[in-house]
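What follows is chain A paired twice: with chain B in the first complex and chain C in the second.
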Partner chain A sequence: MSSLFRSEEMCLVQLFFQTESAHNCISELGHLGLVQFKDLNPGVAAFQRRFVKEVKKCEEMERILRYLEKEMVKSNTVIAATKEKEMVPCARDVLELESTFEKLEQELREINRNHAALRQNLIELMDIDSLLRMTEDFFEEAESLLTYSEPPSEDSVSMTVSSHITSRRNSNSSTSGALHLSFIAGVIKQERFPAFEKVLWRLFHGNFVLRHAEMQATEELQAVRGAVKKDVFIIFVQGDHVREKIRKVCEGFRASLYSCPKTLYEPKQMSTSVMTQMEDLRMILRRTEEYRAGVLTRAAEHVQEWGSKVKKMKAIYYTLNLCNIDITQKLIVAEIWCPVSDLTLVQSALIKGSEQSGSSVTPVLNRIQTQQTPPTFNRTNTFTEGFQAIIDAYGVGTYQEINPASYTIVTFPFLFAVMFGDCGHGLVMTLFAVWVTSQAESLRKWKNELTDVVIGGRYIILLMGMFSIYTGLIYNDCFSKSFNIFGSSWCVLSMFHPHGPWQNETLHEYHHLQLNPFVPGVYSGDPYVFGIDPVWNIASNKLSFLNSFKMKMSVILGVSHMLFGVALSLVNFVHFRKFQDIFLQFVPQLIFMLSLFGYLIFLILYKWCITLRSETAPSILLLFINMMLFDYQSEHVLLYRGQVFGNNLNDQHGTDTRSSFSQHQKDEMVSMGDIFVYQAIHTIEFCLGCISNTASYLRLWALSLAHAELSEVLWRMVLQVGLKISSGMGSLMLVVLFAAFAVLTVTVLLIMEGLSAFLHALRLHWVEFQNKFYEGSGYKFTPLSFDSLLKTQQ
Partner chain B sequence: MASLLFCGPKLAACGLVLSIWGVIMLAMLGIFFTTHSAVLREDVPFTAEDFKGEALQNIYKLYNQVGYNCFIAAVLYVGIGFLSFCQVRLNKRKEYLVH
Partner chain C sequence: MAATSFVIAMSVMTLFWGLIGGVIPWFIPKGPNRGVIVTMLVLTAVCCYLFWLIAILSQLNPLFGPVLTNDTIWYLNQHWQ
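Now for the complex of A and B:
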């Protein structure tokens, strides 16, 4: 019987199957996802296992696949998603896939290398091209300078030469006759140019002419080279010795030098040859890119399929490593844990697997008895797996003990809602959860860790929101305002004459007035139909009332929750046949809790039901303290007659139960001294723990108070400012302030308070509820399942 | 036509959600103000003079004023919501064009 009440009954089964059919059988079991393979070679290190080579091969293939996928993403190829269930890959497929992958990888790497080299060539040619174009005018000026016979005057120099030229010229060079200028031309990054110029000045003291111009950044240039700005420069110098120095300087600044023709006609020829070369290169580059795109597209059709195949292969080899291969190399022995109710499914899967592989011998299933603890398996569906996950986060249940997840489905959202209690916020949360649930598949594609958490917990959030609407209606709180649906039970008008004591002058004298429920007509006698009366929202002593109410409610809820936990421990004891524990642990615990905290709850409920005058009502807290101190003085007001007798009874019970803890027997021989000490500690721990756990439930009050106050402050300081402006500008301010109100509500009140209430409700479950009955020392059932393997891949 | 798109897809979606919430909540607030609900009495800007003379009618008038403000704000949010909706549609169209 599979249910969420208790973890499934598991059995240990031995499997025998032939080596040829191993792959098919294991892959069928993997598709089924219901068996966990036990490690039969625990002492063997990872690199000593039998199939370690194959596992390494699979990992290598995965690496190649990752490289391919990266390349595809870079070139924006669309990866087709395959949906069909692929056939199980056998050992032959592995070799085939391996060779395909290696070929693909080599091809791709070669293409990339060629592409990079071609691109470099193209860049150089482009540099030369722009260099040629820029230096045409330089040369024209140089020619004109050379033809001048007389030394050029300062004016003509400045006229013929553009402003880029270095203005100072050595007078020596201008007076000499025919100038024999040699030059060096190149390209340098624009940001390095000023430093370059300075260094040249320092070296040559102006014995050179330097011209530079910025290279026009055409679009093509930018696409090929990137956004780096480069300058073309040309240096005219005298003498070859200087050339070497300049060459070294250029190397230091990483400027690329190109040889340029000396006369005016050669540049044209060179320019055309460079143009044709560039055209050729561009065409080759385009072809290369097309080819690369073709290779990638062809691979993209299969890459998902290959990926899942490789993952499955790796899983199968890993599983084979866990099994025993017997001496004849023909038989594989495996031990698996599987749920008892699924044995027939496992058997049919194995038969199918062996038929597929064509072997004649059917695999043998042999169920064996064992003393080892089986893993804990809780069958969950999409709705319950969220709740099971938050229980398992604290500790996976011991085999076959009560699973608290089934109760957590209701109690967790309820305790959250007690702390969150606002129907407006609850409505927003519910709508958000509905949206996430409906869009769950498309939101999974975002692959963000945060969205994964939200998607995993969407049903939890949905329930939390729905329960919050309910508690919001009970607290009568919607964005900190109350609804008056059924008509308030309090009436202010009756406090005035002739019914009550107030006059017109009373209103002018006093700032605070108190409604007296004993004046006829003020309090109608029937409480508000559902929830807290809306009059409290506008009362100034609202908190005194609500605090008392919420604290008592928290104690009632806490004690009920803990009593429920103790009752669950009874079910555990019955299942595990520990009958002595029922008498020695469960009964004393129950009596202790009921006599102390049950009595407290009785007092609370009794005080709520009777009519008291608030000035003279006895405080339950003082009553309780006096009971513990055995302090009864006649002038204290008693809550009910016979209270003294009731209190005495409780004290008797309390002392009796504590002593019976020490009578606990065990099966094996242990020293009685140890047992006594252990039980004494346990007793004290339980008693103190009860008190501290009950007090811990007061956080239900504390958080709901914080939430209510935060929401009221937000309304008062943000939205009310806009509402109080009565002029026409009020609506514009209201638009802006409402947007701020909405943003702050979502971030502070929903997300922050929501997380806080979630955490505290979870803590209450994990610690205060579960330490009454839950052991949580099991290990989780992790079956070999291809579905979950492939889901983690995506 | 010049690009009318001035916000990305996420901002437009947020604007749409905010506008829907604003319209519903401000419309309801307006209704509660015009029906003179006592729970909202702290949000109405009373002054000491309002209590002299025709006290009740003054108070009701103030309530109605705030209520009308809320309604106008709700209408403005309808406009903002329409704008956000257009942005969402333009963003979707741009997404389809690129591919």
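Now for the complex of A and C:
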């Protein structure tokens, strides 16, 4: 069955199955992916549905899984890949999974808390350690100074404040005499230290001694706390009152204070005890980390499997929320949309599901008639789904109308290629598409939106590239150069004496000379057999010829495309049995288009096929305008003898069709005035629309011109400059210039122009082609499918 | 009459695209994709043939010739027959 031409026939089916077998049946249907559940409780709010608790449980489990995955990523545990299609768990498995998850989460959180606390302890101990070492130095220094000035006392902290210790001392501090000082020692962040010092000065006007030194950043220190620099400081002050104030200041600056030993011998003891404590802590930390890694590795083996199970469970509960539960709580009623051709598959899936659950009653399928519009289902494979997607982006087709996607597979790349037309660029595009197609699976892992779009459209790009090679060969344009395979039809020799008007001197006088096709021998009479003659590439007036050619080509292609669209509307009318529409809409549309634009195409082809003298050749444009204005004067040269008659016939047809539109009758009881107005608007819209749509196809000319010009500019300004350099450095410059040429070709010509031509070809399809026959007011068929669910959330 | 290159080209291309669009579709094996493949072949044949036809017909009776620089003319004199 040619299913891509029309959307599939769908049927509404009622399902009855037992509550126990619900899970298995729905999971089987989910694996099948062919069934869309209708919402039987549309008035119920989301939080009032029956299975909302279970859905919440599933979401909670998903949250825990996400937390687990984050932890695994942080500790660099490898997550194992999923195994194939596991069985979906039933209700009691859910509880089991739930408890496993909760336990895991609690365990992990506890481990993390302990780890953090231990680490904090380690940091403090390290601070104390370095503090001890620093203060040892301070005290030793003070000791040595004191021995020179005064004998020290063993148990007091008194020492002489000497001028070496601090640089900013007030003059009123005494330089001799033992004072009873207390001190505060601690650790502060280095960046905060200057502010700290300033505040202390403001408060105490220098009645203190402050000594600080940077803490050495060992590697271990950096691993544990990070790259924060800290300073050790020690303040000597007099009096307890001042001590309290300083304590408060330190708290304000978030400096950690530690108690320091008072005598010289205690530091050594303290130091050793701190060292042992640190060793212990380090060991404990290592053990903790190992334990955590073990827990995570064990969980990592299952995490993906659990993830897919949870997603399936959530989907099943969500689906169950859409169904009706019977009074007796034993029966579940569901309504599904399903393609008619797949009914047997659905039935066998349901039987399998009920067998798995061990229930004895097979589910019942009951097909019901309905007036509601079914969803639109177009069965696609990997090749056609890209094209279906770009059609659906504009509007999903009405149920069972003609699907333009099957024609778009060829016409869209073709129209793109007409605008892109360069066989070199087309070749690059084709090769790129082939590479993407072969690497599609491994490229999907990048999970970037842009790469997803490119991978999804790889077949479109492949076809676009292949057609571009063909149109490039016909335009005879390869990176803005032409091929001369068959020999040009234009001969320069014949323009010279004795055949033609030129002499040898003519070349010296004139810089530009034009070949005259009416001089015998110059034009061979046979056009270049495949495409545009290569002589036009080297001619200065190439655009005059190409513009005329491309404009006429655009009109011909556009009118053909639109006639095709009108013909498709005929097929739609026949299918939907709207025979009156055939006579009153299709036939007038066809006549109008053929008489006006068909006549134009006839004129174009006629003028191409007959031989004319250039001075007297009438312009088709003027001819057409005169015809529309009913303007015939005998001085005008006629293209063919019957022209006046032909033009008259044309106009007559035009007026006839316009009046017949207004006689469109409808069966329903609607007011005639409304119908007339509606039809008049429709008529005018169609007529004007035809003209504007035909003109819209001229973008085929405009874009191909732009592409050709850009390509030529790139050649002339970049590569040719490099090739013309005759000095010794020329080869190096050529390398650089070729790199620039390649980069600009890819970014400007391939990507930018490619996107532009893609967009315009798409617009031509969506608007000019589809408004002849496409309604696009359906809704898409979204089946319950576990494959697509897992793929989208992967 | 002697077969001019135009006649040869016309008949070759018409035959080629006629084959692709009119004969090969009958030989596509029956399967789920037959409709799509046949549509693709016919449309490709029609589009490509039409495009080639437009290109060759537009050059059949030229009303003006190319404008060349004198260097180009001198070069073409020597190298093109």
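Brief remarks follow.
Please note the rule applied: the second predicted complex is superposed on the first by the 763 of 794 C-alpha atoms of A that agree within 3 Å, B and C clash if a C-alpha of one lies under 4 Å from a C-alpha of the other, contacts with A are read in each partner's own complex, and residues count from 1 in each chain.
To be clear about the criterion, a residue touches a chain if its C-beta (ideal position, glycine included) is under 8 Å from a C-beta of that chain, and two chains touch if they have at least 3 such contacts.
Model, not experiment: these values are computed from the prediction.
Within the superposed three-chain model, A:F738 lies in touch with chain B and out of touch with chain C [touch as defined at top].
Contact comparison for chain A: of chain B and chain C, C touches the greater number of residues. Once the two complexes are laid over each other on the shared chain, residue contacts for A:L723 go to chain B alone; chain C is not touched.
By the touch criterion stated above, A:K481 is placed in contact with chain B alone, chain C being left untouched.
By the touch criterion defined above, A:I538 reaches both chain B and chain C. Touch criterion not met for A:L40: it reaches neither chain B nor chain C.
In the superposition on chain A, contact of A:F5 is made with chain C only, not with chain B. Chain A uses residues 538 to touch chain B in one structure and chain C in the other. Of all the residues in chain A, the ones that touch chain B in their complex are 428, 479, 481-484, 534, 537-538, 716, 719-720, 723-726, 730-732, 734-735, 738-739, 742. Residues 4-6, 8-9, 32-36, 39-40, 43-44, 47-48, 50-52, 54-70, 72-74, 76-77, 80-81 of chain C are the ones touching chain A in the complex.
Those residues of chain A lying in contact with chain C across their complex are 1-5, 381, 384, 406-407, 409-411, 414, 418, 470-471, 474, 486-493, 496, 507-508, 510-517, 522-523, 525-533, 535-536, 538-542, 544-545, 548-549, 552-553, 556-557, 560, 605, 608-612, 614, 617.
If you check the complex, the residues on chain B that touch chain A are 18, 21-22, 25-26, 37-45, 62, 65-66, 69-70, 72-73, 76-77, 80.
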